[in-house]
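In the two assemblies presented below, subunit A is common to both, partnered first by subunit B and then by subunit C.
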Partner chain A sequence: MSDIPMTKKRRIALGCEGSANKLGIGIISHDTLSGSPTVLSNVRDTFVSPPGTGFLPKDTARHHRSFFVRVAKQALRDAGISISEIDCICYTRGPGMGAPLTSVAIAARTLSLLWDKPLVGVNHCVGHIEMGRAITGASNPVVLYVSGGNTQVIAYAEQRYRIFGETLDIAVGNCLDRFARTLEISNDPAPGYNIEQLAKQSADNILLDLPYAVKGMDCSFSGILSRADELAAFMKQKAAKGEDTFTPADLCFSLQETVFAMLVEITERAMAHVGSNQVLIVGGVGCNERLQEMMGAMAAERGGSVYATDERFCIDNGIMIAHAGLLAYETGFRTPLEESTCTQRFRTDEVFVKWRD
Partner chain B sequence: MAIDTGFPCSLTINVPFPDARLASVALRALRVDKELSPLVHRDLSTVAADNAKTDDDATVLRVEYKATTNRMLRVAVNSFMDSLSLVLEVMEEMDVDILECRKKEQIPS
Partner chain C sequence: MSNSPAMTEFPPPQILTYPASSAPVLIAQGAEGRLYKTTYLLPDQPCALKYRPSKPYRHPILDARLTRARILAEARVLQRCRREGVPVPAVYATNEKAGWLMMEWVDGAPVRQRINEWLGARPDTEAAQVEAQSADQTPLISLMQRIGSAIGRLHRTGVVHGDLTTSNMILQRPKEHQHNGHTGEGAMEKGKALEGHVVLIDFGLATQSSSEEDRAVDLYVLERAFGSTHPRAEELFEQVLQSYKETFKQAPAVLRKLEDVRMRGRKRSMLG
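On to the complex of A and B.
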């Protein structure tokens, strides 16, 4: 660590995130003595695809390439710092979609070379966890990481974020997003957000029969999605004949109640195993207020509480990459340029969490 | 360049840069990622411009592609051009001197 000057009052990192359809660039500072983090800027642009469609890798990568400079310059302006104050450039190494990840990595490498700053490759999941811990102050919670691409229950032990339970097939957010496509719900600002709003309109909170697929510590969503799609097709077919069945709002309500109950169950199982009563929810699906409510009810019964962040931090963003990257950088971690590739598969427990005891 | 019978479809692109530093930045940023397909080979290097006064100044980024079919070649080259375009934009808009200059312009006199 001899090359980190101790005379500086704060260390600063620029973080670049683009593993899915959100391009986020953020700048964070850590106080040199206390390590206390301050968000200097957090800028994001989301690639939204038309209703009934999802975002494809090629189009998403094109979006990230088009917006990178714009978003990066905004982040620098908002932070009001000069390049000389930046210690390192952090980027999402993975997991995520190949072409989008690589497009952001190329830009990060270019900045690193132009500005002569070291690179730090960051695990996207660890970024979410560290940002959640920093914002909420939760000391050692069980973490539920739920998004369009990931569904994991995580607990920290001996310098690794250990995966206690996870989806056996698709992520819960993927299940919700794809169902939004079936119903042709708008993807703006996000399909999951629109499902949440539509679910509130279910007149009598009609709970339709969907499979409940918890498998021990793990869970599965693809069967539930198939069944939900079948029910939607049935509903449309009947509606075409002028026959009433149930509404899209009822379907959204039922889907949420089912999948969220499953998440609460596997989270509770991990809490019992680990002896913790704190839950931290991170990832895009963590914005969902119904999920927070259900998790809160379970945690309260156990004498504990739920921590969640707002949409600035639970939806993919660059500041979490900057924060986790700077934590690693401060322990001496670097990603040499020749190794600054991206990978679609990057397990959360592959990261050596040197910055914690 | 002799034709490789296994990879008959080839293309060489010479990208001129204002100076050797920028050509080198582009080279190092772009060569990290391997080609996705085994049916395509790519070589990146920096060379001196044809009309260079000295041979030392490698201001041109040379990209040599060879592929098994024209379709593979087209896909690989198009993808490279997209990445190159991003590198160029970052250089044009966010190099050290440009950002410092723009910052000075914002300071009210």
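On to the complex of A and C.
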């Protein structure tokens, strides 16, 4: 492992992500002087399970193992760089599902040994935040991180991304995904996307009564899911008898309106608390245009604005791991081979953010 | 409701557009709502009007449901505290449809402000830490005890506040001061600066609960807030807990739970 020559114009990192059902490999370069990032390639392959089912750890891990080489080769081809130009291999240390994380960590270690490149373990949540900041240019926003596994309201203070609010049980994306399973909606390209499209078909803008669970800056989704499941069963029963009832579209609409109102509310409270009027939405659920619209209305009222990215960067990807990993690498951070573990539990506020003031 | 007004141009609720002996004053602006001081009710009796405006991002049905539920929940909690002798403002009126709650105006200053003024007036001691033993700490110690006792009575009633800070406690001006100096601040005699009743305010996040966990988190939130707002008086926080214990019979179990909460923080460790 040699030090970076000072004459080098750019540093390049390859990032491997596989904490859930997306396997992503991305290559990023940072200009050595300005630090500005350039995405060289961003390849992703998603494990899609049949309607009515979720992705199981062992099947997801098998998918990642089978596709890793293909995705990595594609990423290298797209980037048009040679292996010798790569400075470090970044991988997701956690949080996420154990088996998929392990598969990708093994693959990352293999690349590191094969090419003789240092490893950098990255916190998945920090990856999302840093990528969101880089793409949108939001300097110091309150961050709403919403995905299938995480729901957190985060703000930066003194070298850490501090969690102001979070879910007390399941993640908002998990609530949506599981409800898609109840309705047996397709998981392709993503259950949440299909719920969003179905909600648009709700004709009368009816809001069905669902629990609303906000506690300070925290929230809870499991009770809402139970109630939505009950309503879905009730609807099917009535429809089977040929009686008039609400539709799956009405259910999707009501579920979205309720859970997104909760998210916007806790975000607003955090913004009032830290005195910020910028909000950045990251994570898979962040693609939802209704959520972006509601957040925009709230931010506008506070005289601020909302920053969001599209599916390339919102949904799990390798480039965010490469980007956050390279930021840490530039401050001298390395993950020695013997410590290159991964973990299902890895809180956002455990990471020492040396690269920010 | 702890934030100072960021933007000033808000349309006030309709009730404040009616004639009154003085114009309404916006006191605080939080994420949830706004607090106004108004003499709408009686010309010589100011009252506090907490207004929860409707949120444009929310579905109108959900918005109306939440506003109604929250106004009523806060009024119920205040009413319950009042009945049980916990020092809180009296509820005068509610209109859950229009989104407001009218309460007694508590004349005084936030405990946070009084403590900081009092600490600021002392010379910097070598240790920079206030020593509990020294004789001239008596007024501050007494204030800590009144805070602990107020929280003890609150918890005894089956209510947890949800957002205890020294900004959410008003040190009520002693009776003899109340009618001469109007609302002029700081003109109080030094020795009496920390006198008065401690009144708990802002029950927007309060819930009816008698779980040890909730009560312990209530104390923990105050402990953390106290440590960051008044680092020089941090050692005196023990006095709050001591008097909490004397007021509230179930306190020992809560204080044991507080140990756990301190170890893990407010948040539990969770799955990724």
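The rule is simple: the second predicted complex is superposed on the first by the 355 of 357 C-alpha atoms of A that agree within 3 Å, B and C clash if a C-alpha of one lies under 4 Å from a C-alpha of the other, contacts with A are read in each partner's own complex, and residues count from 1 in each chain.
Methods note: a contact is a pair of C-beta atoms (placed from the backbone, for glycine too) under 8 Å apart; a residue touches a chain by one contact, two chains touch by 3 or more.
As the structure is a prediction and not an experimental result, all values here were calculated from the model.
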### Query
Which term applies to subunit B and subunit C once both are placed on subunit A by superposition, clash or fit?
fit
### Task
Would you sort A:Gln237 into first (subunit B), second (subunit C), both or neither based on which partner it touches?
neither
### Task
Could you read off the angle at the CA centre of subunit A, spanning the centres of subunit B and subunit C, to the nearest 10°?
130
### Message
Per the contact definition in the header, classify A:Lys73: touching subunit B only (first), subunit C only (second), both, or neither.
### Response
first
### Query
Which partner reaches more residues of subunit A, subunit B or subunit C?
C
### Task
Could you look at A:Glu338 and tell me whether it touches subunit B, subunit C, both or neither (first, second, both, neither)?
first
### Task
Identify the partner contact of A:Glu166: answer first if only subunit B is touched, second if only subunit C is, both if each is, neither if none is.
second
### Task
Check the residue A:Arg65 against both partner chains and state whether it touches subunit B (first), subunit C (second), both, or neither.
first
### Task
Please work out how little space separates the C-alpha atoms of subunit B and subunit C at their nearest point after superposition, in whole Å.
18
#### Entry: Residues of subunit A that touch subunit C when the two form their complex
19, 94-96, 124, 149-150, 163, 166, 205, 207, 212, 215-216, 257-258, 261, 264-265, 268-269, 271-273, 275, 293-295, 297-298, 301-303, 343-347
### Task
Under the touch definition given earlier, write down the residues of subunit B that touch subunit A in their complex.
25-26, 28-30, 32-34, 82-83, 85-87, 89-91, 93-96, 99-100, 103
### Footprint of subunit B on subunit A - complex, ascending
61-62, 65, 68-69, 72-73, 76, 82-83, 102-103, 105-107, 109-111, 113-115, 337-338, 340-341
## Note on the structure
Within their complex, subunit C touches subunit A through residues 3, 6-7, 30-32, 55-59, 61-62, 65-66, 162-163, 205, 207, 267, 269-272
